[in-house]
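Following are the structures in question.
Presented sequentially are two complexes of subunit A, the first with subunit B as partner and the second with subunit C.
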Partner chain A sequence: MNQKTLPYLLLLPATLFLLVFFVYPFIQVAVQAFVGPSGFTLDHFQTMARNFRFWPSVRNTILLAVVVVPLQLVMALAMASTVSNLKTARSAILYIFTIPLGLSDLAAGIIWLAIFEQSGFLNSMLTSLGVINKPILFLSYQNSWVIFLAVVLAELWRATAIVMVILVSGMGLIPKEYYEAAEVFGAGPWKRFVKVTLPMLRPSLQTALILRTIAAFEVFAVAQALGGTTLPVLVGQIYDWQFNQRETGVAAAMAIVVLIISIGCTLFFLRVLRTPKGATI
Partner chain B sequence: MKKLIATLAGAALMTMVTAQMAEAQVLFWSNQAAPVEEAQKVRDTVVKNFPGGVDFEPQDPGPFITRIQAEEQAGKGTIGVIGGLHGDLANFANDFVDLSDVDLGSVKPSPAFMQLGKLGTTEQKYLPWMQANYVMVANKQALQYLPQGADINNLTYDQLVEWGKTMADKTGSPKLGFPAGPKGLMHRFFQGFLLPAYTGSEVTKFRSDDAVKAWTTFKELWQYTNPASTNYDFMQEPLLTGDVWVAFDHIARLGTAFDQKPNDFVAFPAPKGPKGHAFMPVLAGLAVPKWAPDVAKSKELVKYMLQPEQQVATLMATTFFPVTDAKLPDSLPASIKALGAAVAAETSAPDALPALLPVGLGDKGGQFNQVYIDTFQRIALNGEDIKTVLASEGDTLNQLMQTTKAPCWLPDADSKGQPCPVD
Partner chain C sequence: MSDAAVIADTPHAVSEVRSAGKFLLWAGVALMVVWVLGPIYLLLTNALSSPTEVAEFPKHWAPSFDLGSLKFFITFGGVVKALTNSIIVAALTMILSIGIGAPAGYALSRFDFWGKSAFRLLVLMTRAFPLPLLALPIAVMFIHIGLDDSQIGLALVHTTLALPFAVLITFSIFSGVPVELEEAAWTLGCNRWQGFRKAVLPLVLPGITASAIFAFTISWNEVFAAAVLTVRNRTLTAFLLQSLDFSPLYLRFAGGAALIVPALVFIFAVRKYMFAMWGIANR
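For the complex of A and B:
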């Protein structure tokens, strides 16, 4: 085997894996979304759009992503800066920050449910402190905005570490010379952050944001644990259509909707956060 | 090199041996006893001593159906015994082996259940496995707020509303509870209890004026229901924490409350409406698919499950009652005694009106349930106009019956083979 074909041969197993387990099912889902008993049809999309829970689930999913991702970005930048500048206990702090990464998202949802439910930790704490007399019903369908906030909080706790880890490694790649040069020119810590760190972090930011945003549109287990049927989200509806209602076509149609939203956001981030022509790290 | 070959050979031998062992086990594919504790108890106490071993695999409804359908299409598979509700088994009637030749010896299952097990054919398509029901449970603290002259074993829905109102007023928060969570069985309350009690029907009179009356009464009931009900899947938990004082649920989801605090609760039959004491009996059965790897072994397992020892063990594990005349031990857990008494009261009332689980809906059972859940959400949670909601959801229901061509079942009048109409 000569030098030219060796790289392709080495890539072959991974490519085959991707083709069989990602591309082939993807094509199947796309076919299921557009094909009915009598050939090509848009019926599934119509059924999907006419369901009274569809638009609330789209609204909830997009709203969650729009609120959670920027907050996570800010928090992750702060956490990554802290970790990068630490001299001692760096590993310990990094480990503590990334503990939530080891949890399944359903486990995270159940933990926060145990905090917010009527007989949960928050109510017990407030009652024992004397702040309230009776437990407050936080997670009631009558205050759905409280459920929304609880999901935001749970997602912030659970998934910020993913963004932070990518940013920490990105920050490690920035050569120290730039910071030294900036100090020599009289830049304070904030100016150094804005003028040196952020621009040099562009590729990492791009990766982290794309990954996190796509994952944010797939929020499911946390919303299910905290909100039950009160906070419908896109993937929750897909699960319901496929496993409760047994309408594979409609579930596939919704999956295509999630795909289109995800592609849109990816293209947006690719464009906005691209490394300018001629720039190098 | 020699050591490497020896290790590899040893590993290969081990894999073959464990594979053989796994093959000898009968795969028991069930959609009952799915909650983790129940499944573990079934493995540890019910099927443990079956010669050759049993692989008990309970599933959620979706995956349960998917695998059976896949094996049916392939014509071969690994499932040995299928355990499901009467309605689930009815979908696969053509795939089951005739179990008439299973020698039950002195065990006598209830004749009514044996008849249901024929699934409308002359063959014994499934043998009854266990039975359950839905009841209400009250915290004893709630009993002082019962309306004047009300008998807890003979309540009407109006009296239940009054009870709920008094509790809410006197304690400052609503104390009724319903399993309206994502995995809760709220839809059974509407299908088998509320609607038949007012309309005498489960499907045909979905849009009638009596149904409007039923939903109006429910809306009042909902005012005095703990709003966290939309998160409740198993009512035993909120009953134990005291968030709810009066709850409705499947008996298997109420047992822990009695086991942990036996003196705090009392079980009673669901209320009656103008058309009688409607209730929904639940019958689970065991069937053997035609493609089972070892049909004789599977029949052995089915026979094993009907023995008195296993019927009692099933009762202890799942709170589902025996279908045979198995003698119950004298020392039963508090939950079994209390719930058994309520079930007996429900089924033996003079105006008892059984409303069966849906039959013949294929895999569209989920959509059938969704109609009732959506009706509940739109009327009680979103506050939409009752008549409008019933009209549109009634259309969906009618469409579903036409698509599945399912004929009517009790308590609806026989539709003589035609799809059950929604008036």
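For the complex of A and C:
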């Protein structure tokens, strides 16, 4: 075996695998969405849009992303700045912060169900504090905003750490000299954060925002555990079309919708947060 | 000027300001730790209480260590099978993603060759797409080739999720081993494979094990593809998702705990690598 072919042989399995299970399915999902029994069709998209849960699911998914992602960014910045100020127990604290990342989103939904259900911990706490007399049925269709809030909290709890991890790695790359220079010129901690940390974090912020926004549009198990069908979301509807109604074409059409929103967001963040040429560290 | 103003104007000792800042910092850290660990504690409290205690109001804030809920869960029809399926699928995912990913990671770390950046782009591109949705066309594909509702079929889809992580993590692990070590082995008469096995493998084994556990956890936690692709061979996540509508609360809490506790053990086992792996995996 010579030096020229060895790397290609080593890469071959991974490349083939990605072609078969990543590239090919992408083409297939479009085929499924646009092709009916008699060739090209938009029937699947029409069926999808006529369903009474479609527009609510679009609205809920986008609203969730719009509320969750900015809050996560702020929380992650706070966590990352706190951690980078620590001198002792830094790695232990980082480990604790990343625990939710290792848990299933379904488990996260069930965890917050334990807090929000009728005989749950939130009701118990409010009763013992005397705020309410009897437990409230939080997660019902009359209180759909509470379901929304519960999903927001569960998502914040579960996935803020991924943003934090990316930001902590990014903060580690900022040269100490920049902070020292800022301090010499009299910049306080807040000013240093705004004038040095934030601009220098731009590439990390971009990565974090792209990953988190795409993941936010995939919200599924958390909403399913906390709201069932009361709070329909896009991927939940895809699951329903595919698994319960056996309409693979409509499910694929909705998948195309999620894909287009995801790609649109990726391009948006790539453009808005692009690093100016020659401004890398 | 009044006396009060003078007192307020006196500068505090530097050490005093420092300790106040330190107190605030640690108060913030404590708050964040409670925010992260508190909800997990509450779920485990529910799982370790009897079914009647779970339905009781107001709730007890400490577990009674009654195994009623867990016993009910484990004897519930289909749970043991779902647990076994989860373990089998995750183990297959682990073997596939390391078996396919580690050679690619090694090639990326050791060779310069035409097409290297194209391959890296392919791997990174997978991160910019909602991968679980690929389960939809793959479900159709599997029906044609007879892999539908099979453990290996689901493991193949989970490998798509875990493979990019495996490639990037093993790439960084192999890059951490100096190429001179291998070259020294070659001059001592080893061929390429022997050099790899004797000089590199012992050094990278802990890291590879950690990334294998990482792949296992990804599969163990995955919900959407598992729920779409399995019917009779449901994994634990698929089973729990599909019984959300009708199962009693204590069953859901016990099931949630059954999902969480192994995951907690896994990430504790690889805690040294955890942060680095999350960082690498998201570059």
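Here is the rule we go by: the second predicted complex is superposed on the first by the 263 of 281 C-alpha atoms of A that agree within 3 Å, B and C clash if a C-alpha of one lies under 4 Å from a C-alpha of the other, contacts with A are read in each partner's own complex, and residues count from 1 in each chain.
Just so we're on the same page, contacts are C-beta pairs under 8 Å (C-beta built on N, C-alpha and C of every residue); 3 or more make two chains touch, one makes a residue touch a chain.
Since the structure is predicted, the reported quantities are computational estimates derived from the model, not experimental observations.
By the touch criterion stated above, A:Leu18 is placed in contact with subunit C alone, subunit B being left untouched.
By the document's definition of touching, of the two partners only subunit B reaches A:Glu247; subunit C does not. Of the two partner chains placed by superposition, A:Ala159 touches none, neither subunit B nor subunit C.
Once the two complexes are overlaid on the shared chain, A:Ser119 sits against subunit B and subunit C alike. In the superposed pair of complexes, A:Asn85 makes contact with subunit C only, with no contact to subunit B. By the touch criterion defined above, A:Phe52 reaches subunit B but does not reach subunit C.
By the touch criterion defined above, A:Ser140 lies against subunit B but remains apart from subunit C after alignment on the C-alpha atoms of chain A. In the superposition on chain A, A:Thr230 makes contact with subunit B only, not with subunit C. Annotation for subunit A, partner touching more residues between subunit B and subunit C: C. On subunit A, the surface touched by subunit B in one complex and the surface touched by subunit C in the other have residues 117-119, 224, 228, 242-243 in common. Partner subunit A is touched in their complex by these residues of subunit C: 25, 28-29, 32-33, 35-37, 39-40, 42-43, 46, 54-59, 61, 99-101, 103-104, 106-108, 110-111, 113, 115-116, 119, 122-123, 126-134, 136-141, 156-157, 159-160, 163, 167, 192, 217, 220-224, 227-228, 237, 240-241, 244-245, 249, 252-253, 255-256, 259-260, 263-264, 266-267, 271, 274-275, 278-279, 282-283. Of all the residues in subunit B, the ones that touch subunit A in their complex are 60-63, 65, 172-173, 180-182, 226-228, 230-231, 238, 241-243, 363-364, 366-367, 369-370, 373-374, 377-378, 381. Residues of subunit A that touch subunit B in their complex: 52, 117-119, 134, 137, 139-142, 224, 228-230, 242-247. Residues 1, 3-4, 6-8, 10-11, 13-15, 17-18, 21-22, 24-26, 28-29, 31-32, 78-79, 82, 85-86, 91, 93-107, 110-115, 117-121, 123-124, 127-128, 135, 157, 161-162, 165-166, 168-169, 207-208, 210-211, 214, 217-218, 220-221, 224-225, 228, 235, 238-239, 242-243, 248, 251-252, 255, 258-259, 262-263, 266 of subunit A are the ones that touch subunit C when the two sit in their complex.
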